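Across the two complexes that follow, chain A remains constant while its partner is chain B and subsequently chain C.
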Partner chain A sequence: MNNIILDIRGQICPACLLISLKELNNNRESIKRGEASLVVLTDHRDATRTIPNAVTAMGYSVNVEKRDGYYEITIKKER
Partner chain B sequence: MFFLVSSFQKARKFFFIFLMVLLSLVILIYISSHTPMAISTAYAKLAAYTEKLFVPEHYITLEFFRRVSYSVYSSKGDLIEGGPGAQIDHIFVVEISLLLGIVFGSFISALSLREFRILKKLPPSAQLISAFTGGLLLGFSSRMAGGCNVKFLMSGLPMLSIQAMVFLLGLVPGSYIGTIIFKKFVIGDKVPVGRKG
Partner chain C sequence: MGTKPLREEELDEKSIVEFDPIGIIAESFKEILEHLREKNLQLQQARDYLQGVFDTVGVGISIVDKDLRIIKCNERQKELLVRDIKDIEGRHCYEVYCGIDSPPLICPAIETIERNREVFLKEVTKKGRIFQINTSPLRDRDGNIIGVVEVSVDITDKKKTEEALYQAEKLAAVGRLAAGIAHELNNPLGNIIGYAKPLRMPAGRQEDIIFLQEGLSCF
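Moving on, here comes the complex of A and B:
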């Protein structure tokens, strides 16, 4: 599976959510088919709440992991 | 470390507790200081101190810094006054301490969550410009309104103040227009809207 990395470390809300949604929309076809997943790297903790809320409502599955000094949000097709 | 849906529900519960603590603080500050919780006059005060330090001859010509923005009587009958000028008064005690508390509290929170780091990469310039312009507008308009959203939304609205409701009438359309401008010019077009189903 192809991982699309979106590094938005250093950016804060509401840019984090909007840029992630824009990237998600640009790669909608391949993510919906399960060929790719979007991996968002962010150090803005608010985004670990807003991004999962929005993409779950849009019908994706989401997973948040804490890394060293930042968070990794993986967005995939719904299981 | 994984945290899934359950921990987001925990975060919501925590948010509720946070709101209760905030409400108690607002009431406590009001009872103890006879003024609502506020912060933006402290920014003007910082500007006053900076100006007094570097261009004192210009500082004394400004009417704004001689203003008295708080003038209330305590329950004992003492007059409590404060303003944006560079002097230690009621505003200094209430607002500068809140300002320092926010910076110190954020620092402790970032340390305890191991999120503290020195910023290596700046956000894109469009975001920097919009944040700077927004901050400028906010600072300017909060001086025109006599307070920012801390005084009017967090303190004034729970007390059902008329000024806070007037403030809200300007804030809501302003935020709406701001969101449209931000989406169109800072993020770019084609931002989808999250929908159910």
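Moving on, here comes the complex of A and C:
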């Protein structure tokens, strides 16, 4: 599994979602095939709500974990 | 998808155009729609599959609400209709299945609603066949009863087999009785013949007379 890391810690709010979506769309094929996953690292608490809402509606499965000082949002293909 | 207004220093036209936020959103919307389409297709397929099972199962299934109005029934159940009616859904089940205009005194569906449990009504004869009707409560997520599921099973063949078996057993019992009686009669008859035989012979020896007396004293 190719884990694509997207470190957007320090990034402002609307950009968090947009940058994550852009990265997701660019790698859509390989993620939907199950060959890759997108791991977003962010320190914005709001992003842990907006990103999962969006990507779930798009047909992905998402997992949010709290780390030391930031959040790790892992996006994979739907189970 | 929530957003906050951009701050003054973040408004750089060139980089915003390059970034193409509208394009990103549009792309994501397309994917949401595609996903929705896929899910709807799966839902329709699941519905069709269940409907297929519902209609081909070998028992009649009918679902009524608390007022005994028919919500849904399968093809098999339609074969058991007493009255020839086109639009079944919405009509009262007693009207369509029993052919009467008001709820009957004894009805398994009513009993299920009142007692909040499964009921088995043994035999109902319809169109020359015998059916066993089971009714069970249909509940919502909170466990409240919202209707009744009625299942009608054709037990005509089973009853015929049971009846034939019963008759066969009766005949076997009669047979055993007859054999027993025959045995009971044969024993004393045989004895009588045995002792009476010497009576036909010319009167004679002392041993024979004593033998006869002893034999006759048994009766």
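Note that the second predicted complex is superposed on the first by the 79 of 79 C-alpha atoms of A that agree within 3 Å, B and C clash if a C-alpha of one lies under 4 Å from a C-alpha of the other, contacts with A are read in each partner's own complex, and residues count from 1 in each chain.
The working rule: a residue touches a chain if its C-beta (ideal position, glycine included) is under 8 Å from a C-beta of that chain, and two chains touch if they have at least 3 such contacts.
Not measured: the values here are computed from a predicted model.
J.: Identify the partner contact of A:11: answer first if only chain B is touched, second if only chain C is, both if each is, neither if none is.
T.: The first partner, chain B, only.
J.: Tell me the contact category for A:43 with respect to chain B and chain C: first, second, both or neither.
T.: first
J.: Please work out whether A:64 is in contact with chain B alone, chain C alone, both, or neither, and reply first, second, both or neither.
T.: first
J.: Among the partners chain B and chain C, which is in contact with a greater number of residues of chain A?
T.: If we count touched residues of chain A for both partners, the winner is B.
J.: Is A:54 touching anything from chain B or chain C once the two structures are fitted on A? First, second, both or neither.
T.: both
J.: Quick one: is A:22 in contact with chain B, with chain C, with both, or with neither? Answer first, second, both or neither.
T.: both
J.: Using the superposition described at the top, list the residues of chain A that contact chain B and also contact chain C.
T.: 12, 14, 18, 21-22, 24-25, 49, 53-54, 57-59
J.: Taking the touch rule as given, give the residues of chain A at its contact with chain C in the complex, in rising order.
T.: 12-14, 17-18, 21-22, 24-25, 28, 46, 49-50, 53-54, 57-59
J.: Please output the residues of chain B touching chain A within their complex, sorted ascending.
T.: Chain B reaches chain A through residues 1-4, 8, 11, 113-115, 117, 119-124, 127, 179, 182-183, 186-188, 190-192, 194-197.
J.: Which residues of chain A touch chain B in the complex?
T.: Contacts found on chain A: 9-12, 14-15, 18-19, 21-22, 24-26, 43, 45, 49, 52-55, 57-59, 63-66, 68-69.
J.: Where on chain C does chain A make contact in their complex?
T.: Where chain C meets chain A, its residues are 1-4, 6-7, 10, 19, 21, 24-25, 27-28, 31-32, 34-35, 38.
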